[in-house]
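Please find one structure pasted underneath; my questions will follow.
Letters A, B and C mark the chains in the order given here, with residues in each chain numbered from 1 onward.
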Amino acid sequence: MAILRKLLLRALSLIAVVLIVLVLVVVVLGATGFSDRILSSVISEEMRAVRQQLAETIRDPQELERALREQRRELEAFYGLDKPWYVRLPQDVLRVLTLDLGEARTVATAQGSKRIQDIIAERLPRTALLFTTALVIYFLIGVWLGTLLATRPGSKLDRVLSYFAAVSFALPSWWTGILLILIFYFYLGGLLPAGGMYSTPPPEGGLARFLDLAYHAILPIFTLVLVATGPLMYVARTITLNVAQEDHVTFARAKGIPEGLVRRRHILRVAAPPIVTGLILGLVGSIAGSITTEIVFRWPGMGQLYFQAVSGQPDESLIVALTFVYTMLYALARFILEILYLILDPRVRY
Amino acid sequence: MESVLKVILSSGVGRAGLALFALLTGISVYVLVSYPLDYGSRVWYNPAVWADNPAVKPPIWAKPGAVPHSVFLQEEPTEVRKASTGERRLYRFEIPHPYEKPPDSLSLTLTEAVYYSRPPLLTVSLTRPDGRSVRLYRYSPPAPRPGEEAPYVRHRDSPHRVDLGADPQVRAQVSAFLRDEYGLRLSANELRGRLMEILFGEPTSPEERGGPAAFRPLPGTYALEVEVTVFDRRDRIGALQAVRGGETFGWMGTDSLGRDLAQGLLFGFPVSLIIGILTSVLATLLGASLGIMSGYLGGRVDLLIQRSADVINNIPGLPLLIFLVFIFGSNLFLVIIPVIVFFSWPGLAIIVRSMVLQLREGQLVEAERSLGATRWRIMFRHILPQVGPYLLAQLIFFAPSAILSEATLSFLGLGDTSLPTWGQILEGAFRTGAVYRGYWWWVVPPGLLIVITAVAFMLIALSLEPIANPRLRRS
Amino acid sequence: MAILEVRDLYLYYETPRGPVHAVDGVSFELPEGSALGLVGESGSGKTSLGLALLRLLPKNVDTYKGSIRLEGRELMELSDEQFRREIRWRKIAMAFQGAMNVLNPVVKVWLQIAEPLLLEKTPRPQARARVEELLELVGLSKDVADRYPHELSGGMKQRVVLAAALVMNPKVVILDEPTSALDVSIQAQIMNLLKRLKRELGLSYIFITHDIALASDLCDYLGIAYAGQIVELGTSEQVLLEPEHPYTQGLLESIPRLRSTRLPSFIPGAPPDPVDLPEGCRFRERCPKAFERCTEMPPLLQGKGAGHEVRCWLLAGR
């Protein structure tokens, strides 16, 4: 039961974090006047359309102006611009929390829906596809290589891969992506696509579509794996090396346990919880990596959407919604890993 | 401090890192001394500076035997002839062109013309190795405005530049040249984009070409002659500059605006080091003082600091970083660095707190306390020195992630546009599609420099692992 | 008859500064059912000796040679695999120093004790029963079986380690500082437990400790280790009552006594650097009785009669 209590506490504190971030975002938008500016520019744009419409029916210029003023007031009330931001924004927070995320201004789904909920529902699986596949691959490779190196510290392979780890920690994922495009798209004559999720036009048929998707996913996933494997491998190696030197390993050997079992049960099993901690610490970097990788490879996921929302004509509702969704996703991923940690390490269960 | 240096020097990794770091620092100091501090706004982002440079050309070492980029400058005429009303001054540019291909471009720039009565007249012609001469271009600076007093100064701040490879006047002249010399009839429009090929070549014979007019390169020495007719002896021409655009440029090539990438890359060194060092120093100071306070003062302060640390630790960095820089603007020192610092301190504060908690129970501190030392004194005299080496290791550990964070923001177009940085050079490259066209010299070096700088710090940090290890022993 | 007979055992480690003489020509006999105490300061090589007997060698071994006979069988001739299968835990078990970190933190206690049994395909219920029996034998309750190490106190962990050492009915148990991390009262409990187990199960012990008083409580024989060598060996009575080696004498004088006005003395200096040992006798630099010959030649272990052996030039006469 203690474990449930612990999980509940963690869940509550992660929910608190999501709330705090949301409030922070909304307060920053409001206090800097950014929210007002964006809303009034939205209203001005709509007013232009309204003016044209009204000009056709109302001939008298004075009457037209009055009607326009009336219209503007209505729009301001509709968008809440008649109230100060600290009145308007709490409603926004509540709205976002109930997952009513509002409408995007320019972005739309393939079906043409501008509801942010629909947009995110369309994009989230794409991001998840990239992110999760990469996570699983680099987790397996990183842990496998790290623990392998720990068995032969100081060997040539160990030294080479330690340097690789340092370099891969320093590799920005976006630059890595650019390099890979340069190599696999430009120099190797379009061996792999430079970006996008499907060829244009996308092939017909389920299997063909899936293969096309996989073909486009190779480079982005490779990028994420290349960048994340090194640090994880290094963490796994150091932890395993530390565990391997602990007394209980000698004790296990003294008991006549065969070397393979010593490795699995008495070294790797013990090293697993701190390795998961390393994975948790690396999660922030992975999320950042997935955003920039999507941008570099024009992968139409959440990261690219966020970039669109911030660059060019900024879209406030989209920014708030995406910051919220990203924080929530991160909290969720963290929570899952923390459950894993609790399962692996009996010491924190009580 | 000394012991930390000893630890770094005791491993090969540490020595490599330190050597690399020294190299980066050396370059940065050189740049800071030799570049103006407002280099970004005055030079890098000023298109006029780069007007004569060829766009997106690779470095000279990448294409041996290519037509180089050459600049010819003359401030005094080669020859002066008296005329009835004034003088004819001749400026002659010898352009050796032993290449089997035309140059990329040919341009002429007039800086400052001062006259007293009528504007001088410039006549530009090209004499080719085969002895043929082509009249290319005529120009007079703008006439006096009503009410303006002599001397009339023109083109002092905005030089007059003419691209001899694209100017319509030149096209018309060349069309006439082809008709008169070779009997070839090509309209000015048909010459669009082919002027260099024609001026630096000769038509192939009819049986050779078979189809439409073609030209073969004509290697040799060309002379670009500018005859300036002045109507008053006192009239003055500041300088004339002829530029033959090369297929290559400088040590690092150019970008799509013709900017010399070598300069931008060099300026990136001090910027990136300052970002790394300043951010990590601030983050370490903040993290350490909050950690020490939290551990030593305990109570509500502790709770507040640890809760905040926990919250910030649970925030996915980049989305919020993008958001904050987007809202508050991308000033490097006022926004970007503080925001990165804001997201960096919690981990350190948590670890330092636990170290302080252990130390606080130590005998030395207890003895001090019984002697009546104040809390602050104990904190800074006894606890800080003990966690010091660890903090130094952390400081070095922070730097690469700060450099990478800034580069990422720059790449997303959120960089500080008053300073050129490697991230921004890459952003420009990516935005203009340099990657898909294989402009490697624009894409590879800035990223490589980011990686090398980050690696220098990483290597030093790796060599400090014996000091920083508590971080890895979390369980 | 001696159950364990060690002759000229050497174990050197390789370090960047040169070889470390951790075990340097050690010989002794352990009669069945008896206890031999190996006493020495830290760094005297006594723990290395324990590891050498179980062939638990670190990666940087430089030299490992000599003869170890168990019940007359030469162990040095066995392959690593044979040694692991037949000797470790089945014949020679070891209760480790620092019980705090000896148990795997993420595996339940009973599985750690039963591990070698389960490896031999003993059915789980049987193994479980054996573990419970052992836990009771070492004075723990059965429900300790399902706990994790971090839920146990230091004394309990030490008992678990003992129980684990007994699971395969070994002939010889090496006890490496089994009580040094414990409170004095718990120390006494463990010592009594060890005595009881020796009596009831007929075990033979090699008791490795820095505490000569503790060793004298349990052991029939005492060996005094110094810088990788044994400097004095004999029955407990011989070593305690007629100590011949100045080092042994020093050790004995350092024990505080209850009914004496004499202050406990101490041995000046520190053990020599194991990489850079002094010429001649290794103890001479700290020895109050050192003379010329001690610097010239290393003394050999000499019999004084009745199995009492001493490595000192004093015995040969000046």
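Heads up, the rule we're going with is that a residue touches a chain if its C-beta (ideal position, glycine included) is under 8 Å from a C-beta of that chain, and two chains touch if they have at least 3 such contacts.
From a predicted model like this one, the values you see are computed outputs, not experimental measurements.
Taking the CA centroid of chain B as reference, the farthest chain centroid is that of C.
Each of A-B and A-C has its own count of C-beta contacts, and the greater count is at A-B.
One simple way to say how far apart two chains are is to compare their mean CA positions; for chain B and chain C this gives 70 Å.
Chain centres here are Cα means. That of chain A falls 31 Å from that of chain B. Inter-chain centre distance (chain A to chain C, centres taken as mean C-alpha positions): 57 Å. Contact with two or more other chains is made by residues 273, 345, 347 of chain A. In chain C, no residue reaches two or more other chains under the touch definition. By the touch criterion given at the top, residues 13, 310-311, 314-320, 322-324, 326-328, 400, 404, 407-408, 411-414, 426, 429-430, 435-438, 440, 443-444, 447, 450-451, 454-455, 458-459, 462, 465, 472-475 of chain B touch chain A in their complex. Here chain C touches chain A in the complex through residues 51, 54, 56, 84-85, 87-90, 93-94, 96-98, 101-107, 115-116, 119, 148, 150-151, 161, 164, going by the rule given at the top. By the touch rule above, chain A contacts chain B in their complex via residues 13-14, 16-17, 20-21, 25, 28-29, 32, 34, 162, 166-167, 169-172, 174-175, 178-179, 181-182, 185-187, 194, 235, 238-239, 242, 273-274, 277, 283-284, 287-288, 291-292, 295-296, 306-307, 310-311, 314, 319, 322-323, 326-327, 329-331, 334, 345, 347. Residue ranges on chain A touching chain C, taken from their complex, read 246-248, 250-258, 261, 265-266, 269-270, 272-273, 344-347, 350.
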